[in-house]
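In the two complexes below, chain A is the common chain; its partner is chain B in one and chain C in the other.
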Partner chain A sequence: MSYVIAIPLLPAIAFAVLGPLSNRARNKAVWVSVAAVASALVLSLIAFVQVWPGGHEGEAAYHASVTFASIGSVYLGVGVLLDSVSAVMLVVVTLVATAVMVYSLGYMHRDARIGWYYAVLSLFTAAMLMLVVSDNFLQLYMAWEVMGLCSYLLIGFWHEQVAPRKASLKAFLTTRVGDVGFAIGLAVMYATAGSFDFAVVLHDFQWAPATATAVALLLLFGAMGKSAQVPLHVWLPDAMAGPTPASALIHAATMVAAGVFLVARALPIFEASGIALTITMVIGVVTALLGGLLAAVQHDIKKVLAYSTISQLGYMFVALGAGGLVAGFYHLVTHAFFKSLLFLGAGVIIHAAHTQDMREMGGLAKKMPVTTVTFTIGSLALAGIFPFSGFWSKDEILTVLWHGEHYIVFALALAAAFVTAVYVARLWFRVFTGPEQTSELKEAHIEMLVPMGVLAAISAVIGFGSPYFAQFLGHEGQWPDAAIALTSTAVAGLGLALGWWVYGRRTRVINTRPLKQRFAVVYDALSLKLYFDLTYDYFIVKQFSRLAGALATFDRVVVDGIVNGAGAVWRAGAEVGSLLDIHVIDGAVNGTATIVKAAGARVRRLQVGRIQAYQGLMVGALVLLMLWFVVKGA
Partner chain B sequence: MTLLQPVGALSFMTLAAVLFSLGLYGALSRKSTVMVLMSLELMANAININLVALSRFSAPAEMTGQIFAVFSMVVSAAEIGLGLALVLALYRQRKTVEVDAMQELKG
Partner chain C sequence: MLLSVIVFLPLAGAILSALVPKDRGDIARMIALVVTAVDLALVLLVVLRFDVAGGMQFAEKVAWVPQYGISYNLGVDGISITMLFLSALLSLIAVVASWKMETKPTAYFAMLMLLEVGMNGVFVALDFVLFYVFWELVLVPMYFLIGTWGGPRREYASIKFFLYTLFGSVFMLVGIIALYLQSGTFDIMAMSGLGLPATFQWWVFAAFFLGFAVKVPVFPLHTWLPDAHVEAPTAASVLLAGIMLKMGTYGFIRIALPILPNAANQWAPFIAALAAISIVYGAALAFAQTDLKKLVAYSSVSHMGFVMLGIASGTAEGLNGAIAVMFSHGIVTGMLFLIVGMVYERTHTRMIPDISGLSTQVPVAGGLLAFASFASLGLPGLSGFVGEFLTLLGAWKSDVPAAWVVVAAVGVLLAAAYTLWMVQRVILGTPSATVVDIKDLSAREVAVLVPLVVLTLVVGLYWNSILRFTDPVVTDIVSLLAGA
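Let's look at the complex of A and B:
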């Protein structure tokens, strides 16, 4: 089964092919990326079938590794590990990636840098697949960082504008805060367990509760950054400045789910700690609720979906915190499908309406039937309505909470489900019903509609596989508990009804000002994003700017002063040297020449050319010589 | 003091010195090449007198100086022939025999 190695390698090769090309050649070669990811999808499906029926938790169907570096006696390896978890993830990632890449052919076809877009998307897919199949935490961390880079590049893809530039920096720096925690966690892990390998760290090693808590919390911190959990969630809404299909792949389906994947993989450490599980659950439920509330006041359609993603990721953390690996992981899978579907639909809507503001949309249902149907399936799945996928996975999470006797968290999760239904209804009625506000509404290209159709079909039917999914992961599978299913459906239905009551009843453009005024305090707090951004801005960004300003002044005055002073001294020395050169050295050289010339001019007069003058000189000299001998007495 | 004293070496050498000086003066001051050549002859003959006289007063038996003087006169005759021939050739070329006219070889 060594072909598993090719799954992450194919997109990486696509990147290596596209990367060095010229912009023009790259724009024509985007099919390389699509072909690579589609091949990876085929291989992933084969791998999935071979792992089927699975059922052995923690037992690898295929495992191979090589040592790529050794530091002293420390050997660092890269490996490929195929078990049921990674088999599922491989299929999910390659499926969504293929859908997004096909969709992007239509969405991005007018962009001048579409080739670069595809190259980065390929690199991202390669990194995500590498993360999924890695057999140790260090390799996972490396793939994790490559994804961070790709996320940065894609958020800032339209870097000619200010907002994407700022958003890309914000995303990179915020996730970096979490990554530092992850890195420290890895260091503590290695110091304690002496290895990064899953087999050693997760199964063989006996964790003491204290160190397990430390490692688990540090890993959780990294996961919180990547998966946008409160309080590190602030980057994800801003990340919507990037291209919408990239948001669908990275910021809805795969990269943000990597944090959940990390916690799911490291769950034995969390279980060894105990307290870390509770903290995970608390963070998750707070995020689920806050994300839902914030989504309910956003006007930008993509930001609604972004906060919704935050909220749903919180749901997954709640499940993992309650020990429900299968429930959390299952929600990851269903969410990946229906949320990427919603993002792709949002892309079509934005293209058609030429705006992202939902207040300027309306009446799309009449003109865009395919989009409406697929988007509706995605919305119902997100709201948790039977029989769409979100219902099943959300229900499993609630069941886990109920059986785990976490009643408060159960109530809060239900509240989050209610809020989810409200904002889904708000989004849907705002966009698809009511009066048309834009003319020239058109359905999208076929290459955009087909991926949406595929994702919608999967979102509609995947829920019925929920017991088999649990069995595949090696747990006991069961159909949802009827009482809990009825409760959650009732709550979701109430939420949808409330949304309809506010936004869906009227046919004219809705004015929500009276509503806002009635709940002014709540609305103000929510519309300011619960002060998270303001707090960070005031306590971190502003202070940092002040520090940077002070350092800049220091740089300008002290460092530049020293440098310029040294320059001035050197220059003065050089001027002295130059004077010395001109007057002394050149003077000596020229003086010698002048003296020789003058002497020559004098001596020249002797050479008159008259023989008798020479003879006279000769005789005179001879006489002098003889006189010399006479006087000297030779 | 009588005029008919035996003639000593000093008298010959004085005569030779006077002759040599006359020749030297002529060689240095005459403008005509012919006169310069004649002055050179004067100087050569002054040397010949010295040769004969010194031979007579130092080693009369061997007669070395006389023989040498005869050689010298032969060489002088040959030399003056060559010199006058040169002067003639020069005159044909230049229509003058003045020493000052010949300055082409100065640097």
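Let's look at the complex of A and C:
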């Protein structure tokens, strides 16, 4: 099964081919990327079939590793590990990547730098696949950082504009805040377990609770950055400044899920800690709720989806925190499909409506049937309506919470589900119903619609695979618990109904002002993004800039001042000395002085008048050395 | 013989170049090109024939001043060969990068080659007197390079550079003499692991520390560096940052740790503290700069802090990491200075607010600057990450207080901040007035950078490309430290 190695390599080669080309040549060679990723998809499907029916947790169907660093007796390797988890991820990543790349042929075809776009997308896919097949945490971390680079490059793709430029910087730095934690976590792991290998760290090594907690929380911190969990979520909404299909792949389906993947992989460490699980769950549920609330007040369609992603990722963290590996991982999978579908749909909508502001949209349903149907499937999946995929995975999470007796978190997760349904309805009715705002609405090209159709089909039916998914991962598969399923459906239905009540009844003009006035405090707080950005901007960015400026002054005035001061004192001393020199040993060195003068005249032409003194100092040092020999010899 | 040829071939080149008529810069640069290229080829020959498990190799030892035990003693091991390669490579690159030098070209190329003599010599000398001679020899050509071919404040910068480092090396000389008096030899290798008295070690270490720390430079002894870097011509900046700073850390690893292991352990917490401060202090100051060259200069203070942290850790990870940072910083900062210089030649400014949109107007220059920036901020897969990460691992594993390691890790974040903020202003955006008419890099300029790009990738992707040389030597040093 060594062909598995080719899966991450193919897109990497595509990048290596495209990267060094000239812009013009690159623009013509985008098919290289598409072909590479499509081939990776085929290989991933083969791998998946070969792993089927799975069922052996922690057992590798294929494993290969080579050493790339040896330090003392420690060998650091780069490996390819194919097990149930990575087999699923391979398919998800290559499938969404292929869909996005095909879609982008239409979406980006007029862009002057489409070749570069595809090159970075390829590198990203390679890194994500490398992360997925990692057999150790170091490789995972390295791939993780490379994804961060690609995310940076794609967010800032249209860097001539200010917003993408700023957003890309913010994204890189915010995630890197988390990565500092991740890196220290790796150092603690290495110092404790002496290895990064999953086999050692997750299976053989017996973790003491205290160190397990330290490592788990540090890794979690990294995951929070990448997966945009509160309070490190602030970069993701801004990241929407990038091309929409890139958002679909990176900022919805794959990279942002890497944090979830990390926690899922490291779950044995979290379990050894205990408290780390609880913290994961709390952060997850807070994020799920806040993300949902913030999504509900956005007017930019992509920002709604961005906050929605934050919220859904929070759901996954909740599941993992409750020990529900299967539920969390399953939600990762279903979310990858329906959210990338929604983003691709949003791309079509934005192209058609020439705006991202939902208040300026409306009536798309009549003119854009394919988009409407696919987007609706994605919306229902997100809202958690039976039989669409989101229903099943969300239900599993709720079940895990209920059976784990986390009743408060269960209630909060239900509340988040309610909010989700509300903002889904708000978005849907705003965009698809009501009067048409522009007359030029027309359906997108076929290369954009086909990927959406595929993703929609998957999102519509994949839920029924729910019990088999659990079995594939080596757990007991179950059909949903009827009581919980009914509860969550009722909650989601209520949310959709409320959304319809406010935004869907086009018998009158949508008027949310009374609502906003009644809940002014809440609304203002939400529309200011709960003050996170303001706080960071004031307390971190501004203060750091001030500190850096103050340190620069300190360096110039104090540190360098001491140096220059010492120099001045030395020079004064030297002048006293030279007076002595002239009067005392004048005659003795007359001859030498002539030579020095002559040399000095030449050197002065080079504008370096005082060099003799320093050469003298060096000679003096050598003389000192000679003196010691004499002393020693005598 | 091979090492002697490698060291003194550039001396012959320098003399030859100085004899060329002053208006025949074309001959001088051709001499310099041939000499540095042949030198690099010879170094590669040494690398190819090098046995990584073989300890000190290509040894040459001839009595020089036998009554004092001074000998002409050369040799390379896995650490020195890494630095020797860097020195020969950057010297060649410096020559090609200076191809258009028109001010006193014969003297200029003579100075570049003379500089290479000193740099190569420092890394292969195994006798203290020889080491000291090469160490001081480096100062002279660099002094003239800055003082003659430098920017507007060249006189101040060159004198400050010269005096400051001389101030440090005088202490080093005292340390050397003390060691001689104690051990009766100048043979560096013979002195390692002698088990010298602890108090004696402490004081000698103090002397060496001052000598080396100025060169590195470690906070607060760093203020000569930004001035020297900013005023120096591009090629000199490349060699200053790429090689000369490493002489300090090389001194720690080659001399201070193996010969004075007790003291090294005692000094470790202090060095770790200064290292961590250097990392964040250098980063914060880099953030505050508006001059591109100054930004790179202060980033050097930050990166060299990682080297010092690795040295302070005294672990295999930390020391391997330290050398990896030294190597990576040499090639990456070399790239940064080269590209900044190339941009300066076109825009006649280095002020960040005056430059924007490089990637649009000059995609090759902008792209390569971005590449170097990402290597510099420690992106995995590129060389910068290797050493920084290993250093963090080693420091955490060692007795270095965890707080300093956390501070250093935050430094990695700050590196991303100042680097990407520069990228955002200079490379991205729409072309500024200074940039709008400029031409992209010439084939020669690209050729200068390509070897560095390739090395950045090779080291970053396959760590053993460098670790296979350093690790065996590091293992020996670590066991000396552990036994102390």
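Couple of notes before you dig in:
One rule holds in what follows: the second predicted complex is superposed on the first by the 544 of 634 C-alpha atoms of A that agree within 3 Å, B and C clash if a C-alpha of one lies under 4 Å from a C-alpha of the other, contacts with A are read in each partner's own complex, and residues count from 1 in each chain.
One rule holds for everything that comes next: contacts are C-beta pairs under 8 Å (C-beta built on N, C-alpha and C of every residue); 3 or more make two chains touch, one makes a residue touch a chain.
Note that the structure is a prediction, hence the values are computed from the model and not measured.
Set side by side, chain B and chain C differ in how many residues of chain A they touch, and the one touching more is C. In the superposed model, A:Gln206 lies in contact with neither chain B nor chain C.
Contacts of A:Gln517 after superposition: neither chain B nor chain C is touched.
By the document's definition of touching, of the two partners only chain C reaches A:Ala552; chain B does not.
Residue contacts after overlaying the shared chain place A:Gly72 against chain C, while chain B stays out of touching range. Once the two complexes are overlaid on the shared chain, A:Ser2 sits clear of chain B and of chain C alike. Judged by the document's definition of touching, chain A residues 607-608, 610-611, 615 lie at the interface with chain B and also at the interface with chain C. For chain A in complex with chain C, the residues that touch the partner chain are 23, 67-72, 74, 76, 141-143, 145-146, 149, 152, 156, 159-160, 165-166, 168-169, 172-173, 176-177, 179-180, 183-184, 186-188, 190-191, 544-545, 547-549, 551-552, 555, 559-560, 562-563, 567, 606-608, 610-611, 614-615, 617-618, 621, 624-625, 628-629, 632-633. Remark: chain B residues 24, 27-29, 99-100, 102-107 touch chain A in the complex. Interface residues of chain A facing chain B in the complex, by the touch rule stated above, are 607-612, 615-616, 619. Put simply, chain C touches chain A in their complex at residues 65, 67-68, 129, 132, 136, 139-140, 143-144, 147-148, 154-155, 158-160, 162-164, 166, 169-170, 173, 176-177, 180-181, 219-220, 222-224, 281, 284-285, 287-289, 316-317, 320, 357, 359-360, 363, 374, 379-381, 385-386, 389-390, 392-393, 395-397, 405-406, 409-410, 412-413, 416-417, 420-421, 424, 428-430, 461-464, 467-468, 471, 474-475, 478.
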